[in-house]
Amino acid sequence: MSQPKVPVWVNVALIPFINIMLAFLVSGLVILAIGEDPIEAAGYLIYGAFGYDEGIGYTLYYATNFIFTGLAVSVAFKAGLFNIGGEGQAYIGGLGVGLVCLALDKTMPFYVIAPLAIIGAGVFGAAWAYIPAYLQARRGSHIVITTIMFNFIASSLMVYLIVNWLKEDGRMAPNSRTFEESAWLPYLHDFFLPLGIDIGSSPLNFAFVIALVCCVLVWGLIWHTRWGYQLRTLGTSATAASYAGIDTAKVTIWVMLISGGLAGFVGINEIMGVNHSLLLNFTAGYGFAGIAVSLMGRNHPIGIVLAAILFGALYQGGAELAFELPNITPEIVVVIQGLVILFSGALEHMFKDRIEGFFIRRAVA
Amino acid sequence: MFETLILMLDATLRVSTPLILAALAGLYAERSGIVDIGLEGKILGSAFAAAAGAAVYGSAWIGLCFGILASVGLAMIHGFACITHRGDHIVSGVAINTVVAGLTVTLGLDWFSMGGQTPALSGDARFTDITLPFADALASVPVIGQIYSNLLSGHNILVYLAFAMVPVTYWVIYKTRFGLRLRAVGENPQAVDTAGISVAFIRYRALIICGILCGIAGAYLSTAHNAGFLKDMSAGKGYMALAALIFGKWRPVPVLLACLLFGFLDAVAVRLQGVELPGIGEVPVQAIEVLPYVLTVLLLAGFIGKAVGPKAVGRPYVKERE
Amino acid sequence: MTNNATPYAIELRDISKRFGAVQANKDICLQVEAGTIHGIIGENGAGKSTLMSIIYGFYEADTGYIEVDSKRVDIRTSQDAIDSGIGMVHQHFMLVENFTVLENVVLGAEGGALLKQGMDAARVELQRLAQEYSLDIDVDAIVEELPVGLQQRVEILKALYRGARILILDEPTGVLTPQEADHLFRILKALKEQGVTVLLITHKLREILASTDNVSVMRQGEMVAHRETAKTDKEELAELMVGKKVRLQVSKEVAAPTETVLSAKNLCFVDGQGVERLKNVSLDLRAGEIVGIAGVSGNGQSELLNVLSGITPMTSGEIQFGDTLINAKAPKNAAQMRDLKMAHVPEDRHKMGLVTGFEAYEAAVLGYHNSDAYNGKVLMNRKVMVDECSRRMAGWDVRPPNPHLKTANFSGGNQQKIVIAREVEQNPDVLLIGQPTRGVDIGAIENIHEQIVKLCVAGKAILLVSVELDEIMALSDRIIVMFDGAIVGELDIKDADERTLGLMMANAYNEELSEQALQEGESA
Amino acid sequence: ADIKPAVVYDQAGKFDKSFNEGVYNGIKRYTADTSIQVREFEPKNEAQVEQGLRRLAKRGYSPIVAVGFSMTSAVEKVAKDFPNIHFSIIDGVIDLPNVQSIVFKEQEGSFLVGALAAMKSTTHTVGFVGGMDIPLIRRFGCGYEQGAKYITADATVIQNMTGSTGAAFNDPTKGSELAKSQFSQGADVVFAAAGGTGIGVYQAAKDSGKLAIGVDSNQNHIQPGTMLTSMVKRVDQAAYNAYEAAQTGTWKPGFMVLGLAEGGVDWALDDNNANLITDDMKAKMKDISAKIVSGDIKVHDYMSDNTCNY
């Protein structure tokens, strides 16, 4: 019996659209409840995110983080693993970047530091994912719980390291010293200005390009290599994987290494691209937002880029909104983010089943 | 030395109270097969609602009711997603935590214009400490009297409630019809369904209990332990309760012990800040802070015992595949 | 109870049920006389379990209604069914494994908000039932520690404890030895004498003929015939079941096996729970023969296949495969075994043989995905995979021949062909085949059987595992019987008959032999 | 002149009951006095600090008051890009021609409240609960200790820091636990220099019947009867002055160090704590104040050498 098929656009476009609209609708109600006009709010939000060069720059800068964490969550998800530890992996990834920059910025030129810092981000992020991955693969401990625990451990570790070892003497804020410019990732506006293109001054930097490259690499990896084949097999059926002679423990571990590495790349954007020093809490929830991004983006790199831009727009537009309407805090964006996770993740079947049912019935009739 | 110990244990009781409540809440949920990573969000939501209610109506009890209502409401959203719509439990929990983190601040700012905080509570708007009978009279009796009057007496009612919930939970889980069904539904929901019992109804009831307990935990934070709501005031307590739940292997008494251990570590960490220990030197507070998480990971990895949860936990109960 | 206006205990009227695109039951009508044993037969997937689950309130019918004792009843939940005196023993047991027998029995019938009284009362009642129907059991035993036969007993007790007057048994003998099955049928007879109506679902014609009063036949979701058991026979029922005349025998030459290609010695396997699943299993496979493994499912056959194919590492023992020696110290995983030219058609194609989310061409390289043929330096060569898949689909008559269709969307037989084609086309020396025709419709069965025979003729060594004795007997040259993880007997096909195999499967053959010898000695 | 003033609070938000709220009060007062609206911005993360500053600068807001040391690097960057906009940073030091850096001699105010605490203490033990463990907060602690010892030479001063991150300024639960632990060690007056964490300290003091000292703003009203006094740091005044100076054209860049003499720090006496303070104490305080202003009492600044050796 071949089953009647649901048109592709339903799954790829219609259902995510309905979910996000629902999230917006409920957020609109919240805004209404606090006595502001949702339409006006949406106007500020859209203007802030896309209305001017600098705004777009900020949107894409935030999107860079979301691409990294979104990819991180989705790579693991493709292999059937829920990596909820992106936050901690990003944090430790930033440590990797920071250590490389602090060690080399005085002595080495940019083209030596940059690749090493990128490797540092990946290796540190991956290392932080390795332990939960190892424990899941070899000792059967549940990766969701262990990665949550590792988020807390990462945050304590970073406090300890930064406060006790890396903080610059005499500085109040718990930051390392600011890196020399040789360890700064170029801003895109600095890159474009000599070409006669003014894109406004924003933190958007070269990490965005790295993020896009990662998307292509992840896409190729998942759908066009034997490793991708193995991880997709494992993600759909663990028994089929062991039948196929796939070393599931090994796949689990390296998938988590890739996932952790991708999350760690947030450090490139934040530490090397924007803050130019190692500081506390620069991950600011991007790791958790990665869950929403990968859900929205249906675990496909293109979807993830789009979802990341959407979330970047929410962050940037949300700041603009809070700036224009002081009654609204930027936390409204966190509410929207949560609602997106709720509707397109937890409640995905609510509409999906009905809509698909509708199309199946139409196909049958 | 003995007095210090008493005071440390006294602090332990205060700090572990929300953990105990939340971990027991998680116990009901997970024993029924629902993973509840949203404990954190429920605590936070209830802390906010309780403080808001107490601030507006000037009564801690009214605040408590608000807190419980908010928390049960969140639990019902979790149920709606996970039970009715077979959603992923983890995703639903993350969603709830995220929404609450944003919503409490947004509403708080609008209602109280204090940057997301609630007004400071005082008087009847807070749960105040209760002195047990004869506590003052016995205070001078060495050891026993000190334990009684300094350690056991002088907590607010929610602390006693939390500890009372442990035997109550034990009784409910192991000695009642509801408990039998609850345990069964977390192990094999099909068996329960074919025995003529509604899986969904049991799970919803478990989540309501979970909501109530988290509600009390949240109200404790904002109206008893503290005097008002602060943004993100749950500060990971929900996750730590989850860790305690696993550490206690989903059984009431071991869970209590795990909570006390974690609470004790917290109380120690507060007091060890910057203190030189003889022979060890200064222990970084962070090292003590992470101990509960590290211990739980070690347990999960099977290095100290083995944690095996209810068999059907986290798996949506699907009767008909469409 | 009203006096018997009609003698029917239960009547179904126009019951229909659809799961998504599958019409599992269509306009089903059925009348079951009170106090009889009524059989329902049908192939895998005919809709038997679905229908029974509707009676038991587990599923709700889309249309139609049910009458119990001539009164229309509204059964929406299992509780409604229980209230109407219906009990059911499910195909897959519905027991809470880490509960005691007593807890399982009282679950849902606790008799009060507190457990104590209910449990005490149940203890007494279970004792009574045990005596009445010879259903002895230790009520304080933990269910997962009981053998399957006893677990089934718990299910029956559960139903009786709830006062079931109508008892549904869904394929109760699938997990039992013929001798255990006989015991079950004796119990059913006793129940019938007490006035209980029994609905017995199976696809084993033998059991139907031996123990039922009436029989109904289902095919593809429809009820196609009702017969009085006494007035029908095996051939008629088989034909009704599959809708055409079936040839129960495969035409097969006597094998001419040549050299030994695989030889396993003292294989042992202990699972994660510390249970010994394989006990000193030794066997040889020779080129050009089919060796059948018979046994009730769950007696180590799956583990044997998994160990031989490298999916699970053995605990001890060794396998000599061609020039390679494999043992616990030098294990080979499934991929390495494939490299040594071993192919494996797994028992469960959904969970193992295929990845249901993959397109056919992807599933068609499962296990061989690392082979140079499908890979460039870094990327996989999609074109090669698709072309090869198309070619195989044409050769094996897979329908529809679309390499881009999701594997989930092929029918069972076609899925099985995709799996068998994949394994066979690698030209292996040894082929392990588990349950080749499970869930496959009859047309495809013939086809698959022919292909297996062809391979044997082509000189492959084939190990066939099946719970269908008929299949084993039709295909094998040699039959090995497994019980409780060990080999308990081996027969050449010309010495094999159902009775002997049945006794061996229950590990009762040797006892019977010695008993016979004893009797003979006495009489002499 | 017409000015477009603005303020950027730090991440604790303008209702932290102490530091930011002090600035907020100054701004409220300024708006009430001049009916000039001040544009306020509360950032939620690192990136938004800089973004907010930039946005305000772009729209021509000046002067922009930045609240707190954590804003230093962001202000530095943005000030470089907008040389025509005036920035005033409180508690931070930036050497740029368009930035005014306002810092306080917290040690002097802390000395005063330390002295008062010691006068009030019956156990000769007083406590100090700091927020985040940074030199700035140690400066409070050091001054406090010095003040206490000035009155009672053998006084015990128990010092605890809440933590080592920004969160330490907003953790009342921990504040209350620390206070309780200090009470159990005999302290009967506790000074909290810990932002929002102080709320928990004051609550604990009230619950245990001890005394507490507030910080930054006048916090005497939070727990009347429990609050012995507050070490006021006139950040409100600093903000007020910055706007006022800009309005009158007298705003100038450079460092401003506000001590007791300049009215930048003080101890608070109002109705809420009047009956805790005897006339004798008042007189003594007055005397100490005068001595500090005159230089007879030299209060050690922790940050001058990162030690508390006086």
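When the chains are written out, they are named A, B, C and D in that same order, and each has its own residue count from 1.
Keep in mind that, in the parts below, contacts are C-beta pairs under 8 Å (C-beta built on N, C-alpha and C of every residue); 3 or more make two chains touch, one makes a residue touch a chain.
Bear in mind the structure is a predicted one, so any value in this text is a computation, not a measurement.
**Student:** Write down the chain pair with more C-beta contact pairs when A-B is set against A-C.
**Tutor:** Between A-B and A-C, the larger count of C-beta pairs in contact belongs to A-B.
**Student:** How big is the gap, in whole Å, between where the Cα atoms of chain A centre and where those of chain B centre?
**Tutor:** 30
**Student:** Measuring centre to centre with CA averages, how many angstrom lie between chain B and chain C?
**Tutor:** Roughly 47 Å, centre to centre.
**Student:** Could you please state the distance in Å, as a whole number, between where the Cα atoms of chain B are centred and where those of chain D are centred?
**Tutor:** So the centre of chain B lies 36 Å away from the centre of chain D.
**Student:** For chain B, which residues are shared contacts with two or more other chains?
**Tutor:** Only 116, 322 qualify.
**Student:** Counting only residues that touch at least 2 other chains, which ones in chain C make the list?
**Tutor:** 20
**Student:** Please output the residue numbers of chain A that touch at least 2 other chains, ranges allowed.
**Tutor:** Chain A, residues with two or more chain partners: 159, 329, 331.
**Student:** Can you name every pair of chains that touch?
**Tutor:** By the stated definition, chains touch in these pairs: A-B, A-C, A-D, B-C, B-D.
**Student:** Can you tell me which positions in chain D touch chain B when the two form their complex?
**Tutor:** 13-16, 42, 133, 160-164, 170-174, 176-178, 180-181, 184, 196, 199-200, 203, 207, 222-223
**Student:** What residues on chain C touch chain B, complex-wise?
**Tutor:** 19-20, 56-59, 77-82, 88, 90, 94-99, 103-104, 106-110, 112-116, 118, 158
**Student:** If we count contacts the way the header does, which residues on chain B are in touch with chain D in the complex?
**Tutor:** Of all residues in chain B, those touching chain D are 3-4, 7, 11, 14-15, 113-117, 120, 122, 128-129, 221, 225-228, 230, 233, 235, 267, 270-271, 273-274, 285.
**Student:** State the interface residues of chain B toward chain C in the complex, per the touch definition above.
**Tutor:** The contact residues of chain B facing chain C are 175-181, 183-184, 187-188, 190-198, 311, 319-322.
**Student:** So in the complex, the part of chain A that touches chain B is made up of which residues?
**Tutor:** Result: residues 30, 33-35, 82, 84, 131-132, 135, 139-142, 144-146, 148-150, 152-153, 156-157, 159-160, 164, 288, 291-292, 295, 327-329, 331-339, 341-342, 345-350, 353, 357 of chain A touch chain B.
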